[in-house]
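In the two complexes that follow, chain A is the common piece, with chain B as its partner first and chain C second.
Now for the complex of A and B:
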């Protein structure tokens, strides 16, 4: 790998672009209208094309105005079609943005003859060449960095200025409206930010991949936090990280397989997808790993309680001692799993090892008594309110006994015998 | 704006000939009534009777096809600060990343004004409102971790934080636990004691005489309105919930087709 100043600038431009997109992106994701970002980023194309045709140059201000006007037109048309009542918002967006995008492509054909523009840029952007595009008085800073940087600052400014207003119109538009904070006004402001950002990002990542920059970093951040402010900051962070990782992998990964580098914009979008998967797996609140571990713990907990229940019932019938060899088949688990459960219970001191056998300890007996009491009270309760056959009753109660709180138990009543005729053990004081 | 005959400037909510239509189909017709000051007012009626729409039309959330609404003699736009609103609980996304205190603070936004941050005083008022509904210990809990009843109490606290004169609540009692029901009743009676006017869309007919002073019985039109002891009669209930008004909804359908309104 041969890292040059050009690579550094590519990462800086990518990071500024991704961070700039993450600001309106966060609000789009929270308002559950992410695809509006998709629609608008497509429809800036006709806006840009019209600006090209009218001015005959790549004047950034003309492009910005053209794109924002068409972007707002998109937002307006989507709502107008939707308010007809029969067409849902998805279809409405599909109509508006595909037609306008196609119109943009048609115009582009005309524009190409007049202006220096590369249709490939529409798809991929041109971040790799951004370094060479410098204004004479730009102090050596590429134009892309200035454009995306200004956009980021502007987005942050509006986001912070209208922090409350964006929050309330996203969460509760009816209340906002009754308080004089017009959700429609905030909607069109967001659409303006989105359209302007899409134009700024257009030459960097292209009009398609900008959608990934709008949606993926905020969605990733949403998996990791439940705080609004943190969510915004984290979205920016994920965007910047995706830019860095994206360019790094664009120039390294293909070389491992004997190819030259690939498109940085594409790799940035892929990297943001990778970060999303990473967050999905490792999110502290809803990640796959956390959920897996939680499930494992719950299973182990239930198994341990079932083992205690068996010990208690054997004691109740004052038969011989529990034959640990019979337990796996009685509980429907492998002997390895059971061994682990017994080991755990021994360690917790819920059962104790006597010379020839295992038996309940004082605390184990107490816990088991509570369980069996819950189980049999549930059977009474279910039998009374939802009569069913005895097996079914036992099955239902076996599941409910593990999730019964003290309060629930006291609400279950105070019967002495369960429907099968077994005595309900009396409550134990701790 | 001149006050029409029979409507008073002292009425907290004076509705004159209000008609509301969705997609040209009328859902509320010719509503004409004054809501008395300092009373707990129930709005009852079957599904689709336009109960929520009545509140939304008063608060300019849905457009009116015709008619006008005056709050203490002035249009809503000039009286926003007098009004607090509790929307239906299902109307918002409870997975939104915000805690209970954050939701209650939203009740302060119109007082704070555009673009200004929430201050210490607003936080104190919001905490106080949470305290009044017995939710102060949940202030920093994410709203998706609250039970349905707790969420409803947060909404109620938000209305209290608005510190208004007229309160509109859309089905606050819908599927809440006993503790929440008690909290709402407590808040309602506190508000009445302070002379506030409270308009509540209510679905549980049995509790109307117990909780409310005044009732508006609605089924696209106002069937009856007045003190509960006078108008909350079997006869009026039959008129409100009975089948007689299906003729009216048929007329509404025809109007929608003929595009008379909207």
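Now for the complex of A and C:
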């Protein structure tokens, strides 16, 4: 790997662009309008083409105005077709942006085919060459960095200026309206920010990365936090990280397989996707892993309680000792899982190993008594209030017994026998 | 031709009549292939797009088509590394199909295992897989032995490079889609209109959904070559969305949508064959957009012109009923059938101009006449009509007071919203209900039955 000043600038430009996109992106994702970002970054193309045709130059201001106007037109048309034409918003979006994008492609082919904006550049951008595009008096700072940096600052400025309004409209548009915030104004301001960001970013990084940066970092952050301020900060961080990782992998990963490198913009999109998958799997509050472990723990907990319940019932009927060989089929688990559960119970001291068999310890018997008491009280309660089949009664109670707190149990009444005729064990003193 | 083209030159070179005839009659082999291919695509996407639209899955299809790009690149790389040509259409399409399905599965996984909603899931899959596709394509161009240059064509379509076998594939797929849709029409319809009901009836909803999305994937894949993956979704949803403005029954929507798709394909291919520098895919999409605008504006079912006319008619009728009721109430107070304009204005606080306009319309319909002293007088016909309107209003007020527990001071407004749409049989039922059951107290005399 041969890291140069150019690579540093590529990462800086990518990071500025990603951070700039993440700001309006958070609201787009929260308001479930992510695909508006997608639609608008497509319709930047006809905006630029029209501006180019009208002015005959690549004046950035003209292009910005053209793209913002067409972006707002997109937002307006999507809403108009949705409400006047009575079709769902997805279809309306699909119609508007594809037609406008097709129009842009035709315009480009018709008149500006031989100039340096071409469809491939639209998608890929030219971030690899952005460093060479410098203003003479730019102190060595590439134009792409200036444009995206200005956009980031502008977005942050508007975000801070309307922080409260954006926050309320993002989470509860109805509340926002009742608080005197004009939802229409906020909507079109967001659309303006989105379009301006898209056009600023588009020239350097291409439209596909714009879409990724609008949606993926905020979505990733959304899996990690519950607070809006943190969400914005995390989105910025994820965007910047994706830019760095993206460029790094673009120039290193393909070389492992003997290729020279790949497109940076695409790799940045993939890197943001990788970060998303990372958060999806490992988020401490709602990641797949955490939820899997939680589920496992719940399963183990319930299984342990069920085992204790069986020991208690066998003791109650003063049959012979529990045959551990029969337990797996009685509980519907594999013998391996059961062995683990028994081992765990032994370790906790809930059951003890006698010479030939296992039996409940003092604390285990107390826990089991509570459980069976809950079970039978639930059966009484359910039978009284929701009469049902005896078998069904048992199943419902078997589920409820595991989630019964002391307080719930004390409200279940104080019967002495359950509907099946078994005695309800009396409450045990701790 | 291109060499001496200036930036601001936007002239379109129009073809001669001779060329037009030649293209229309499909004399040219290339044109014939392209036209047949895109027409088949139009039929297939029009039909399957109808179900997609009704199922509100338009943008899922967009993600699906973007997700095909890495599939194309991977298929190319695999084919090349096994010594194949890398451009064999079957393999590329297979790769595209597989990745399209992966994309849809990812969307479902994100939606069901995170708190993100559909839109974010679609956006993530669309942009990340497309980015991956771009990366892989770039790498593929470096593979020895196979030139990947043509693969870029799938992004924006490259209809001009279609050959007879491609057109045959498209026809084959179109026939396949027609057959499957024919067999599963009832099931798909049920799936689109009432998923819960079909689940409760024991239909294999998930399997049907998978069949539908697989068909969408197939159609998207064959659209890649002619319109390109960015615009493939347009071929699916725009014909269907346009057809919906003309028809209500699913059969006629399917039929119309297929025709619109087919027609746009044919016209688009023709235009791009005739006029230089007109890319086929975008032109087809623009034509679809044209049909959509026409349908959206003039369509007989929810088109905006029809809707506006209906609304205007209703407004006129409501306005007339308002003025009749106002006249009746004023003359009730005056105990004579003559009244003055300012009396009505005082009663209702309407604008004078609006009242005068309404009175002029009432005069035209012989409900009122203008007396020489400037006052107005209800005619016999007018008072019959006014009495009917007032009676409906008061019947409804009475109903609201007695059956809906609404305070007498509030019923006037509520009655106002419903009185205009009371039909004859509804009035009869109201009369029956109010006559028979209670000792009624109306805020005003209800009036005798006409």
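Simple rule for what comes next: the second predicted complex is superposed on the first by the 416 of 430 C-alpha atoms of A that agree within 3 Å, B and C clash if a C-alpha of one lies under 4 Å from a C-alpha of the other, contacts with A are read in each partner's own complex, and residues count from 1 in each chain.
Quick note on the criterion: a residue touches a chain if its C-beta (ideal position, glycine included) is under 8 Å from a C-beta of that chain, and two chains touch if they have at least 3 such contacts.
Everything numeric here is computed off the predicted structure, so don't read it as measured data.
Participant: Following the overlay on chain A, give me a clash-or-fit verdict for chain B and chain C.
Facilitator: With chain A aligned, chain B runs into chain C, so clash.
Participant: Check the residue A:179 against both partner chains and state whether it touches chain B (first), chain C (second), both, or neither.
Facilitator: It touches chain B, and chain C stays clear.
Participant: Under the stated touch criterion, which partner chain does A:171 make contact with: chain B (first), chain C (second), both, or neither?
Facilitator: After superposing on A, A:171 lies in contact with chain B but is clear of chain C.
Participant: Based on the superposed arrangement, let me know which partner A:90 touches: chain B (first), chain C (second), both, or neither?
Facilitator: Only chain C is touched by A:90; chain B is not.
Participant: I'd like to know which partner A:15 touches here: chain B for first, chain C for second, both or neither.
Facilitator: After superposition on chain A, A:15 lies in contact with neither partner.
Participant: So, A:268: does it touch chain B (first), chain C (second), both, or neither?
Facilitator: second
Participant: On the A-aligned overlay, A:208 touches which partner chain: chain B = first, chain C = second, or both, or neither?
Facilitator: Only chain C is touched by A:208; chain B is not.
Participant: Would you check which partner chain A:161 touches, where first means chain B only, second means chain C only, and both and neither mean what they say?
Facilitator: Once the two structures are laid over each other on A, A:161 reaches chain B alone.
Participant: What's your read, chain B or chain C touching more residues of chain A?
Facilitator: More residues of chain A are touched by C.
Participant: Have a look at where A:38 lands relative to chain B and chain C in the superposition and call it first, second, both or neither.
Facilitator: After superposing on A, A:38 lies in contact with chain C but is clear of chain B.
Participant: Can A:103 be said to touch chain B (first), chain C (second), both, or neither?
Facilitator: The second partner, chain C, only.
Participant: If you lay the two complexes on top of each other, which residues of chain A touch chain B in one and chain C in the other?
Facilitator: Overlap of chain B and chain C footprints on chain A: residues 32, 85, 222.
Participant: Report the residues of chain A in contact with chain B in the complex, numbered from low to high.
Facilitator: Against chain B, chain A makes touches at 30, 32, 85, 161-165, 167-168, 170-172, 174-181, 222, 225-228, 231.
Participant: Considering only the defined contacts, which chain B positions touch chain A in the complex?
Facilitator: Its residues touching chain A are 23, 56, 59-61, 77, 80, 83, 85, 87, 91-93, 96-99, 102-103, 106, 109-110, 112, 114-118, 142, 144, 158.
Participant: Can you check the complex and tell me which residues of chain C touch chain A?
Facilitator: 2, 5, 7-10, 12, 53, 56-59, 61-62, 110, 113-120, 122-124, 126-136, 138-139, 142, 152, 155-156, 230-231, 233-234, 237-238, 241, 244-245, 277-279, 281-283, 285-286, 288-289, 292, 296, 302, 304, 307
Participant: Which of the residues in chain A come into contact with chain C in the complex?
Facilitator: 29, 32-35, 37-38, 42, 53, 56, 81, 84-88, 90-91, 93-95, 98-99, 101-103, 105-106, 109-115, 119-120, 123-124, 208-209, 211-212, 214-216, 219, 222-223, 250, 254, 257, 259-263, 265-270, 272-273, 276, 280, 286, 288, 291
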